[in-house]
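Below you'll find a set of structures to go through.
Shared chain: subunit A. Partners: subunit B in the first complex, subunit C in the second.
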Partner chain A sequence: MVDFRRFSIGRRRFLKTTSSLIGASALSGLGSAARAADDVVRIGFLAPLTGPVAAWGKPGLDGCQIWAEWVNEEGGIKLPDGNRKVEFVSYDNEYDPAVARTGATKLIREDGVSFIMMLGGDTWPGVQPVADRTGMLFSTLLPSDLSPDTPTLVAPAEVHPVYNVTGVAWLAENKPDLKTAVMCAQDDALGLPSVATYLAAFEAAGIEMLEEPLLFDPATTDFAPVVTRLIAGNPDIVCLDTCYSDYVHPICEQLFQQGYKGQIISCTADFYDQIIAKTSKEFMEGFVFQFPDFDDPALNAEGINFRDPNRFFEVYNERHPGEWGAVSWEYASIMDLWKAAAEKAGSVEPEAVLAAMQDGGKGLHAFGEADWWGEDLFGINNALVGNWPVVVIEDGKAVIKEMRSIPDWYAAHGDLLKKHMEAYGQMWNQRG
Partner chain B sequence: MFDLLAQTGLNALYAASYISLVAVGLVLIFGVMGVVNFAHGELFMAGAYVVVALYAGGGAPFLLAVAAGLGFVGLLGLLMEFALFRPLRDNPLGGLVASIGFLMILQATAVMGFGVRMEHIPPVTQEVIAFSEKVRLPMSRLYVIVAAVVLLGALWYFLKRTRFGWALRASAQDAEAAALQGISIGQTARIAMFIGAGLAGVAGALTAPLVSVNPHMGHSVIVTAFIVIIVGGVGSLEGAVVASVAYAFVHTLVTTFWDGVIADIVGLSLMLVVLIVKPTGLFGTADRA
Partner chain C sequence: MPRTVLLVILWAAVAAVLVALPHALSFSQQEILVFMTINLLVVASYRLLTLTGEWSLGHVVIVGVGAYASALYTKELGIPVPVSMLLGACTSALIAMGLSYPLFRMKGFYFLIGSFAAGEIIRLLWKRFREPFGGPKGIKGIDPMPDFSIGIWDFDFFEPVSYYYFAGAVVALCLWLLWRIERSPVGLTFHAVHWQDKLAQSAGVNVRAYRTLAFVVASGFAGLAGALGAHYIGTINPNGFDVETMVFVLTWTIVGGTATFYGPLMGCIALTVLNEIVLREMGFEQMRPLIYGAVLILSILFLPKGLESLVQKLVKPRRVEP
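Showing the complex of A and B:
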């Protein structure tokens, strides 16, 4: 038996020892805080990390950690007063506006971040008052959050849902025999602007919609009735809009089980290997969507502004096997843009970085040089728009078929897009 | 049009099957214990995760995983009875609040154990019964329909033809009178919780390969189950089955011929109409209502 009395110490000695330890640890804490203030720039990551929308948050944070490691290995952000390491501070906003607002306040006040990346969508209205009050620079993946009232919000990675036009245009050129389409979408802030975009793209391509888009409640779990209705009129194309992967998978499975044999187009096809496992390679052959795997050789071409995409994909999959998704690279690509702007401005202050980022009205998007654009649709030129890939599943693997210009499509068919956006109440001046 | 109606009927039959299993379990727990179990949707989710762990992760046969889902979630029900509902037996509101707490614990456990992402479950079978080119019933859906009929039939036999079943019904009708006749209220409560939770678990397990399995999947199921038991009559097992079939057919028809958002509105309107015209529900009695 252990005799605890053998280890007893006097009261004075106990107080002396513990107070010394506390003092030492407090000093070391102060030291690290001071070092952090000097050497580290903190970036806020305010996105859904849990819940049904987590697939468009968590993989992005995982990608950012790889980005930070690579940048920090090379010395970090190079500023006139010395290099700064990058550190991400994440906050799970649960895709809830109130939680997002609390998170934004905490990231700014307590963590001292210099920039905050968000998924946006339903959570942006909760955060906007914080942005107005603090002048903090935010980014969103969803430019439908932009308006003239959001001067410090930028959409530099993707112009959702406008890039969806490239998939339809490619389909019309390469499969001209497809003449009719149907569409389904969840009835929410992601689904509706995408519906308007696809309607414009189909109209521009001369593809007839057999019926109005079929909207479903985001809480839907059984998609058999939705699919029965979709394919009742024998459409050439079934369009899955910007459905979450929780919907894309069961919808594809139902299309397969109910005997559909036509073309499918979708904004995303996250974890498409699992869809193939539930259907068949033959069924998924030719599936068109918009988000490439980064091991695609086409991403090594000149003009691609993403550091070593193939290696990034490899490292990502080593660390997070089977979790590569649409957003895995996007937040990291926003960081490329932010880093370049901060180094150009010689500062991490939000105002200076934003000015440097938008200097000359052009920027280096991951898929090529792009323009700061959007006044027509969003009331402000805070979306970075250029080329976007059209991706097709061939022999069970996603392949980039072509990089297509969004501005070129918009120059030819912008009025159609505005018409359908207005019809669905999605123009910036129609949003509540 | 005939093909469309026939396919819609098959879709509705599947929906009615799993909704019935969940709703009957919820009614059984309420009838015997007088507790509104808000964690019932999460018991459904727990059953689905048993299939994720054993069938998708462990390579066990699907039927074995489903049986394990029934047993495991039934045991969870016993745990709830022991830890939550027994100490709060005379406090229905306390039981309700405790079940909400348990709901959160189950969700958090699923997040910690499996993560937040939708789970991939390989299909049990890709075979389809094709009645025509446009009318098809996947075998995986047929399994759910058959299992629901068998399980609900067995439950009916148990309740109507066995001594335990009579004891259960007697407790549901009047617990005090049943106790005076020598029926153990504690034992009937345990049986009710095991069966009620087990039915939710088996529904989750059976449908797991057909839906998106994630920690939050119980939410929509519990909302539907509440609508169904209010329409059927709170405390009525027959009402729960009839209302499940009615709700599933109405919801599926409206989704197919209009859209899913309108179908939800129609489902809720159906509940409101029943509450106005017959506040006790289709099969409910004034006592329970």
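Showing the complex of A and C:
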């Protein structure tokens, strides 16, 4: 007879039971043969590796493999009971919450991972009950997943979309003649908080929005009418919000074909060399976005915490030519933070690592020291916020123009951001 | 041994295997088993609709109607989960009834496109209206099935094994009902409407009414499947019910075959096991869409009558030479 009692348990007992069950399933040969060896620490990578959102998962996994090689060459994670090599276990969640739940279950209960990195977004709500039950430490690239109900979820790499304010602020300072803007975005969980952020940033910079943001369906493939409507009022700035690269490319092509000659600003410009090939170097000159190439000399400055960014970029491009994107370095930078916390805690246990990570309210972000922040917007201080680069395309190449402080902007204009976030229903207490 | 006794033994053996099955699987495979069980109801209900000869591209949206309705009934009105699941199924059936008026003015390809358009309208409404549908992010924090105990057994429905037994029992009951409908005079009329609609009409059969009936009943079961999924995953969003998901349902149905009741079920089981277990375990995680597509093409080329034709060949009585 089946004894269901073993399934009615608390978090601590769950973790203990899970460990023994992993052993039991490995011995019985019925479950996955995977079991964490004593000298290996396994890290889960639960992100879309196939499908339309794969561009924000797969390059990150490729970056993590390079990170793991470098760390393992130096002996791995240094713990009091000996060094441990790092091994990544990936699960393609197809950007589907149900698949993500299955993946989280596998990574925790079968593969025995100590930490799971996710893209987040639509997939997080499927995983959240698993996180609640297990107490597993998760990271997301999308802090809009954070809420007081997610104590074991951190957003240590990017505080999307808040860093977008730095691009607008830089533009306002350096090109003060730009006075009007329009914006388009896909109508989804990624596009809307970004719309609210850009609206706040434009308002703070004194740039007038000519029209309400144009929200298009994520299934849109023909961007000619979108662009026609967008530039009908002859704006100084066209803002592409946080569009996926599948949208940024055709929108830029349409802007080029329809003769737009003004300023473009966007959160990302993944594979911008392909956009230049489809348009022209002159057309893309001055394009402002937020994600640098890591061969940029500015990243060798003091205070940058990402190890050897130029070599990382070089190795990445050797192995995956033409695939460098916004997330190529982000998951690896999260691992830097996790490694430092695990070594500080002397343990890879999720609870201990989280406590060490947030000790003193500060952390070493890739772009400098940063604060654990977010209670205003997310209801919990689990987002790591500091400086963020403003990147401009010059002569066909992305160049970091400035590292700008997000907390400084927020201190001056936080109320504007909250106002627009509330208008778009994006505050943590308005979600779900 | 009498045939009835043999059948009872056979079904008892099948039931025993299904009860024991999750305990032979890993944790993640148990999760996949839950989703596959729910998807079996989706494809079986889809087949009921196809009995009348109409193929819909809106079936997955109807699944979503059940999911959204059930989630909202529990969240907004505080209705207990099991009751809200049934109400979700009824809501799907009612929406299908409403849609049937414009849709069954069309036939064949036009119905296919019409059903797609109707489904997209519903899906876009979910996206457009943040209240009450949650907009593009959908609804999260959907109440789970409440835990309960029977004697020494504690059912914790966060656990896939417990939910599998619950969903399995519901799906088994629904499959039996669908099978009985197909075998009933109503089901035979569905076949007549498909293959001999003019003849059926001349014999006094109201073809449109029967098409509507199939559509409404199939949608009710589909809505129940959606509700089962929503209360397990705890979140739903419009993207989960898009045309890409519909393509999966079509693929399961086509690869399995639609001539028999078990054809689509076979397709769903075979392709889920292939996609979610075999290819992942073999390390082809990122190549799955490619391999999945290749398998689909090969099965169409070499098994045009679906997987069910293999079973039919096996059980076909052999002709004894005189």
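Everything that follows uses one rule, which is that the second predicted complex is superposed on the first by the 396 of 432 C-alpha atoms of A that agree within 3 Å, B and C clash if a C-alpha of one lies under 4 Å from a C-alpha of the other, contacts with A are read in each partner's own complex, and residues count from 1 in each chain.
As a working rule, contacts are C-beta pairs under 8 Å (C-beta built on N, C-alpha and C of every residue); 3 or more make two chains touch, one makes a residue touch a chain.
This one's a predicted model, so the numbers in the text were calculated from it and none came from an experiment.
Look at A:M183: by the touch rule set out above, it reaches neither subunit B nor subunit C. When the two complexes are overlaid on their common chain A, residue A:G259 makes contact with subunit B while staying clear of subunit C.
With both structures placed on the common chain, the touch criterion links A:L141 to neither subunit B nor subunit C.
Of the two partner chains placed around the shared chain by superposition, subunit B and subunit C are both touched by A:T50. In the superposed model, A:D96 makes contact with subunit C only, not with subunit B.
In the superposition on chain A, contact is made by A:A224 with subunit B only, not with subunit C.
Judged by the touch definition given at the top, the superposed model places A:L384 against neither subunit B nor subunit C. By the touch criterion stated above, A:H249 is placed in contact with subunit B alone, subunit C being left untouched.
Of the two partner chains, neither subunit B nor subunit C is touched by A:L416.
Subunit A residues in contact with subunit B (one complex) as well as with subunit C (other complex) are 49-51, 58, 187, 217, 219. Across the complex, subunit A meets subunit B through its residues 49-52, 54-55, 58, 187, 214-217, 219-222, 224-226, 228-229, 232, 245-247, 249-250, 253, 256-259, 271, 274, 277-278, 280, 323. Interface residues of subunit B facing subunit A in the complex, by the touch rule stated above, are 4, 7-8, 11-12, 14-15, 111, 116-118, 120, 122-123, 126, 128, 130, 133-134, 136, 138, 141, 210-212, 214-217, 219-221, 223, 251-252, 255-257, 259-261, 263-264. Those residues of subunit C lying in contact with subunit A across their complex are 19, 23-28, 31-32, 35, 124, 127, 130, 134-141, 144, 147, 152-156, 158-162, 229, 233-235, 237, 239-240, 242, 276, 280-281, 285-286, 288-289. Residues of subunit A that touch subunit C in their complex: 2-5, 7-8, 21, 25, 30-32, 49-51, 58, 90-92, 95-98, 101-103, 105-106, 109-110, 122, 125-126, 128-129, 133, 187-189, 191-192, 217-219, 425, 431-432.
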